[in-house]
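Take a look at the structures below.
Shared chain: chain A. Partners: chain B in the first complex, chain C in the second.
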Partner chain A sequence: MGAFLVRRLIWLPILLFFISLITFALGLYGPGDPVQVMMGLHANPETIERLRHEYGFDQPFYVQYLRYIGNALQGNFGYSLVKYRDQPVGKLIADALPATIQLNLLAIGLGVLIGVPLGLLAGLNRDSWLDLLVRAFVIAGISFPIIFLNPVLTFIFSRRHDLILPAANLAVSVGPILPMVQGRWEGLLSAKIILPALIESTGVIAIMTRQMRAGIIEVMNEDFIRTARAKGLRERLVIFRHALRNALIPIATILGLMLGGLVAGSFLVENWFGVPGVGALTFDALSSRDYYVVMAMVLLIAVAYVVSNLIVDLTYGYLDPRIRKQ
Partner chain B sequence: MSSSGNSNRWLIGIVAVLLVALCGALCIAGAGLYFLMQPGTIGSTPVSSGTTPGGIPTVTAPRAPAAGKNTLRLPGRGSGDPPTLDPALAGDADSAVYVVEIFSGLVTLDKNLKVIPDVAERWEVSGDGKTFTFFLRKEAKFHDGRPVTAQDFKYSIERVTNPALASHTAETYLGDIVGVKEKLTRKAQAVSGVEVVDDYTVKITIDAPKAYFLAKLTFPTAFIVDKNNVERGGRTWTDKPNGTGPFKLKEYARSQRLILTRNENFYREPKPQVDEVQFILGGGSAMTMYENGDLESVYVTISDIERVSDPKSPLNKEMTVSAELSTDFIVFNTRKPPFDDPKVRQAFALAIDRAKVVEVVYRKMSNVAPGILPPGMPGFVEGQAKVAYDPAKAKQLLAESKYAGKMPDITWTTVGAGGSAAQSIQAMTAMIKENLGITVSIQQTDWATFIGQLNDPNRNPFQIFDIAWIADYADPQNFIDILFRTGSTQNWAAYSNPDVDKLLDQAAVEKDTAQRFKLYQQIEQKILEDYPVVPFTVSNQYWLTKSYVKGMVYPPLIIPRLQYISLEK
Partner chain C sequence: MGTLLEVKDLRTEFHTQDGIVHAVNGVSFHVDEGETLGLVGESGCGKSVSMLSVMRLIPMPPGKIASGSVLFQGRDLVKVDDEEIRSVRGNKIAMVFQDPMTSLNPVLTINTQISEALELHLGMTKEQARKRAVELLKMVGIPEAEGRIDDYPHQFSGGMRQRVMIAMALSCSPQLLIADEPTTALDVTIQAQITDIVKRLKRELGMAIIWITHDLGVIAGLADRINVMYAGFVIESASNKELFANPLHPYTLGLLGSIPRLDEAHKAKLTPIEGLPPDLIEMPKGCPFHDRCAYRTDKCANENPALELGAVRHQVACWNWQDVQKLRATIKR
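Moving on to the complex of A and B:
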C-alpha cells in the first residue's frame, strides 16, 4: 500500500508539469491576447506594444513559463490581467471556492440521497410501473439541459405569483418559494442554495439512479444471493446485507471521481443564480484571456482529480475484500 | 403499421410520465427542503394582508425583510463585476459606472452631457486655445476629510502616465497633454504639460487647440486619487478607496454585491440623496428580482420586451426608453476584394432591408441608424444616410462592378458563440442571396480572437463584418474622425479619402462650435457616399423603474448620476 501511494505521489508533479506546460502554451500561442481584450476597440499599436512589454509578454516562451512556475512554487499565482485587474489570482480563487464547493456538495448529496433509493426501488421492481417511471426520470434528468431548467424553475419557484381569484373576491400573492441568491451568498444553510443545487444535481441523480438500478439487478442474479436465499434468510436481509453492499461499489467510484469535480464550478448554474463561485470566474477569465486565472484553475482541478482518484483507489480495498487480496 | 402506432403511444406515455416525474420530484424536494431549512417560517411569521386599489383584498406571503428605507437597489452593469475600481485603469463602462460615483475629476458631464465644473469651480482658456488654467474648489475634500489640492491632481496624472502602471487609457484620454507621450515611453520623468501654480490652481498645456479636450478630461483617466491611499494600499488599494465623489464604497463582495453610501460632505450640488445604493452583481434574472420587488430598476432584455411593451401590462407604466450613443455598423474592408470596388459596397448596402431586420429580429428594440452619428450626439442631423432598400438598383450596380460574373467567395465575420450566428446576420445574408444571388458564408469568432485580428489594420483579414461603436465623449469627432481618418487604428474599413482628411483637419481646429458641427455633417455626407460602412442600427435601452423612484437618469454615456435620484416610498 505504501509503495503504491509513493508511486502515485511521484506522478503528481510530472502530471502537473505537462498540464501547466500545455495550458500555458495554449494561452500564449492561441488566438487572442489579454492586452487586446483590455483595450477593446481602443487599441493602437504603440500602446499594445508598450503594455505587452510592461507585462513581459514580448519575452520568449520559456522565460515567461519559468517565471510563472517559479512564482507559483512560491505560492504566487500572479495577478488577474483583465477581469479583476491587479487582484491576486490566489485570493480570487480562494474567495470563490467556498460557494462552488458548497453548491457541488449539496448537489452530489442530493444526487445520492435521491438517486440511490430510486435506483434500488427500480431495480428490485424491475419492469414494474415504478421502474418505468424512474427510467423516464433518468432520461429526463440526463437530457434536460441546464439552460432550460434555469429559467423554467426560476419562473416557477423564484417569482412572486399574483393570483386573482374573482370567485372568492381575493388576490393572493404566492412565493417566491425558493429565493434567488440575490447579491448575497449565504452558504449551505440557506434556502437560496436549494434551487441551484437541485438543478446542478439533476445529472447526478440520473447517473446515480441508473448505476444503482443496473448494479442491483446484476447483483441479485449472483450465486451468493441464491445461496443466501437458500439458507432461508429473509429477503430484506438478503438485500441490505448481501446485495446492497456489492451494488454500492460502482457508486463509490463515481462518487469519488465527482469529489474531484467539487472545485470545478458550473458556469451556467453559477452565472444564472448569481452564485459567486469559480465557474463564472473561470469562464470570464477564459473569454477575456486572463491567462493566470485560467492557469491556476486548471492546475487546481488537476490536483483535485489526482487526489480524488487516489482516494478512490485506497478506499476500494475496504469496500471489496477481493481487490485487497489481488 | 400497428407497431408504429404502438411506439407512438409509447413515446407519448414516456414524455407524459417524464414531465410528471420531474416536476413532482422537484416540487416535493424543493418545498420540503425549503421548509426544513427555514425554521420558524411555518406559522410564526405574520401574514400581511391589505386591499388592492380595485377593492380586492390581498394576502401576501411573508417576505424577506426589505433593505433600508432609503436604499436604492439596482442591477450591476454588464456582465457583473467591474474589472477595476481604479480610475487610471478603468477603460470600460462596467468599471466606469462605479468609478464616476466614488471618484471625481476637474470637470464632469451633467445630465445633458454638457461639460460642467466639478472639483475645479472654473477655468480659463488661453487665446491660442492650448493652455487651460483650472481653479479648484476650496471645499472639495477626499472621503476621509483631507482637502483636495492641485498637488493631488498633479500626482494623479503622474501616476496614470507612469509606464509601470500599464494604464491602457492614458494615451487615448491624456495624450493631448504636452509631455504625456514622452513620459509613457520613458523619455521623460514627469509630464511637463501639467503645472501646479499654487495649492488651488493648476495649468494644463496641450499640443494643439482641440475643442474636445475638456470632454476627454471628464473621463476617469483624469480623475483625482489620494496618494496616501494608493501607496499604503498597494496593488489592491481600491478595496478601500478614498475618493472625492458623491458616494463612498461601503462593501464590495465579488460577484455578489457592491454597496455605495452617501458622501455627506460632497462639495457640489446636487448633493446625493439616497443613503445607500446596492448593486446586485451576477445573477441572470434581474427581471424576476424586479417583479418580486427586490430591485428598484431593471434593464429589459429582448425576451421580456413584448410583455413589457404591451400597454395592458401593469409593467408598461414603469417603462422608460433611453437612447444610447452608439451605432452598429456593417463594415466593408475596402482593401479586400470584392469590397475594394465602391459599386459592390453600394450594391450590398442597397440589398439589405434594414427596416425589416429591425422589425422582425430586434422587435423594434433598435432603430435603423439614421447616419454615422447616433441621435442625441451633438452635431447630429436627421437623414444623413440615404441608404434606401432598393434591390433593383443593387442588382444593376453589381452588374456594373468589376466583379460582375466573377465574384470571389465572401465571408461575413461576426462575434458569437452560439450554434448558429445571430439572427440579424442570417437575415441580412439571406437578403443578399435573394437580391444579388451571392452566397455569403458566416464565420463566428469569439470576441478576444476577433479584436486581436481586427486591431491590426494591416492584418485585418475580414471582408465584411459588423461592429458597434459606443461614444467615449459627446463630440462628433469621436465618430467621424476616429473611425474614418486615413490610418486611424479604428478605421476598420481601411477607408481613405484625401478630401475627407483635409476637412477633418479643418474641423479639428475650428473654434466656432456651430461651424465645426456643420463641417462634420458635410464630412459625414461625403463618407456615406463612398459606402465604407452601412450604418445599421442605433440602440435604445428599455428600463423599468418603480414609480417611487424620482429623478432616475438614463444617460447615454457614463456620467455621475446617482446624486440625482431620490426615493419617495
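Moving on to the complex of A and C:
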C-alpha cells in the first residue's frame, strides 16, 4: 500500500509540470493580450509597451515560465491583471471556492440520493412503466444542455404563474416555487441554492441512474444471487445484502471521479445564477486573458483529479475484497 | 422407505421473443427418503430447469411452471405461497450449483454466507451460527477451518469453493440435496474428491440426493436409480445396475456409446449420436428423438410414446424398445 501511494504521488509533480507548461504556452502564445484588454482598444501604444515591460511580458518564454514556477512553489500564484486588478490569485480562488464546493456537493449529493434509488427501482422492475419512465428521464437528463435548462427551469420555478381559465371561472397563481440567487449568495443552507444545484445535478442524476440500473440488472443475473435465493432468503435480503454492494462498486468509481470536479466550477450555472464561485471567476479570467487566474485554476483542477483518483483506488478495496488483497 | 418427493406431470416453459421454449414437458418421478437419484442427459435437456422448478428458482418471467405438482412432505411446492417455499429452500431442500467460481458472493465472507441460512432457518445467534459454520467447513474437509471462516471466496480454489457450497447446502441438515452438475467445472482429481465427500456425508447424514450430470461415469458410482432425460422428457428410468446392464431406449444406448449398426461389424466402439436435439420452441409431433434414432418407424414421427414398464422396475418411453432389446441380444451373441 505504501509503495503504491509513493508511486502515485511521484507522478503528481511530473503531471503538473507538463500541464503548467502547456497552459502557460497556450496563454502566452494564444491570441489576445491582458494589457490590451486592460487598457482598451484606443490606448496609447507607448503606455501598453511600458506596462508589458512592467509585468515582464516582454521577457522570453522560459524566463516568464521559470519565474512563474519559482513564485508558485513559494505559494505566490501571481496577481490578477484585469478585473480584480492586483489582487493575489490565491486569495481570489480561495474566496470563490466555498460557493463552488457547496454547489457541487449539493449537486453530487442530489445525484446520488436521487440517481441510485431511481436506478435500483428501474433495474429491479425492468421493462415496467416505471423503468420506461426512468429511461426516458435518463436520456433527457444526459441530452438537455445546461444552456437550455437554465432559462427553462428558471422560468418554471422562480416566477409567478397566473393560470386563468375563463370558461371555468378559475384563476390560480403559482410560485415562485424556488427563489433565484439574485443579489447575495447565501450558501448551502439557503433555498436559493436549490435551483442551480438541481440544474447542476441533472447530468449526475442521469449518469448515476443509468449506472445503477445497468449494475443491478447485471448483478441480479449472477449465479450467487440464485445461491442466495436457494438458501430461502427473502428477496429484500437478497437485494440489499447480496446484490447492492456488488452493484455499488462502479458507482463508487464514478463518484470518486466526480469529487475531483468539486473544485471546478460550472461556467454556465454560476454565471446564469450569479453564484460567486470559481466557475464565474475562471470564465471572466478566460475572456479577459487574465493568465495567472487561469493557470492556477488549471493546476488546482489537475491536482484535485489526481487526488480523487487516488482516493477512488484506495476506497475500492473496501467495497471489493478481491482488490484489497492484491 | 417412504417417498420424499413426488413430481407429477411437471411442465416448465420460457416465454421468449422467439416463442415459447418448452424446457420441461410433463416430467414425473419420485425420490425416496435417503435415496440417490441420478438425472442424466445432454445440455439443454431440462435437467437443471426441472430441478430449479422444484425449488421454484426459475426466473419468472420469462419462466413459467405451466402445470404439474411437486409433492414434498404433504405439500405441493408449486402451489404454496412465497413464504412457505422460502421456508423449504435451504432448509428442507438444498441445492449445490455447477460453477463454484460464480456461485458464491465475491464481497461477503464465507462465514456470512454459511451463517445466514443457519440464522434464518434454525434461529441461531451470530455466535452459534459461526461455530456451526466452522464445524461444517471441517466436515467437508477444509483444513484450518477456524482460520479460513472469515476469508472471501476468491481466496479459495475451485475445489475448495465447491466444498464451501456443499457445507452451505448441508448447513440446515436438509432431507433432500439437489446437486446440479457439482463436479462439471472441476478438474478430474477434484471431481473424485467432491463425489467422495458427498458419498461420505450421505452415509453420515442420510439425506436423499438428486445428482444432475451429463457424465455417466460419475453417476454410475453414485446413484441408486437413474432417470435419463431428453428434450424435456424423462425417456428412461431404471436402477443403476439395470440401466447400464440393460438399456432399453435408443438414446440411452447412444449415450453409452454402443449403438449396434447392422451395416458394420461391431469394431467401432464409440459411435456419436447423429444430429442435434430438437428445437424446444417448435417441438416435433412424435417422439422427440425420432430423427436421430436408428430404430425409428413411421409411428415414431407421429405419436410420442409415454413411459411404460419394460422390465422389473425399469420404465422406458419408446415404441420399439422390444426390438432394441432383441437386436442387442443378437449382437452380444
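In this text, the second predicted complex is superposed on the first by the 311 of 326 C-alpha atoms of A that agree within 3 Å, B and C clash if a C-alpha of one lies under 4 Å from a C-alpha of the other, contacts with A are read in each partner's own complex, and residues count from 1 in each chain.
We take it that a contact is a pair of C-beta atoms (placed from the backbone, for glycine too) under 8 Å apart; a residue touches a chain by one contact, two chains touch by 3 or more.
As the structure is a computational prediction, the values presented were derived from the model and not from experiment.
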{"item": "Joint occupancy of chain A by chain B and chain C, clash or fit", "value": "fit"}
{"item": "Touched partner set for A:Arg241, first chain B, second chain C, both or neither", "value": "second"}
{"item": "Partner chain in contact with A:Ala94 - chain B first, chain C second, else both or neither", "value": "neither"}
{"item": "Comparing the two partners chain B and chain C, which touches a greater set of residues in chain A", "value": "B"}
{"item": "Which superposed partner A:Gly232 touches (first chain B, second chain C, both, neither)", "value": "second"}
{"item": "Partner chain in contact with A:Leu5 - chain B first, chain C second, else both or neither", "value": "neither"}
{"item": "Which of chain B and chain C A:Ile22 touches, first, second, both or neither", "value": "neither"}
{"item": "Touching partner for A:Phe224 - first (chain B), second (chain C), both, neither", "value": "second"}
{"item": "Shortest CA-CA distance in Å separating chain B from chain C in the superposed model", "value": "17"}
{"item": "Of chain C, residues touching chain A in the complex", "value": "55, 57, 86-91, 94-95, 97, 99, 102-108, 116-117, 120-121, 152, 154-155, 165, 168"}
{"item": "Contact set on chain A toward chain C in their complex", "value": "222-224, 226-234, 237, 241-242, 245-246, 319-322, 325"}
{"item": "Residues of chain A that touch chain B when the two form their complex", "value": "31-33, 35-48, 50-51, 54-55, 79, 82-88, 92, 95-96, 110, 114, 132-134, 136-137, 139-141, 144, 150-151, 153-155, 157-160, 164, 169-185, 189-191, 194-195, 198, 270-277, 280-281, 284, 287-289"}
{"item": "Parts of chain B lying in touch with chain A, wherever the complex brings them together", "value": "14, 17-19, 21-22, 25-26, 29-31, 33-34, 37-38, 52, 56-61, 64, 79-81, 83-84, 86, 89, 91-92, 163-164, 166, 168-169, 171-172, 184-185, 235-236, 253-257, 278, 280-285, 288-289, 291-294, 446-449, 451-453, 455-456, 467, 469, 472, 489-490"}
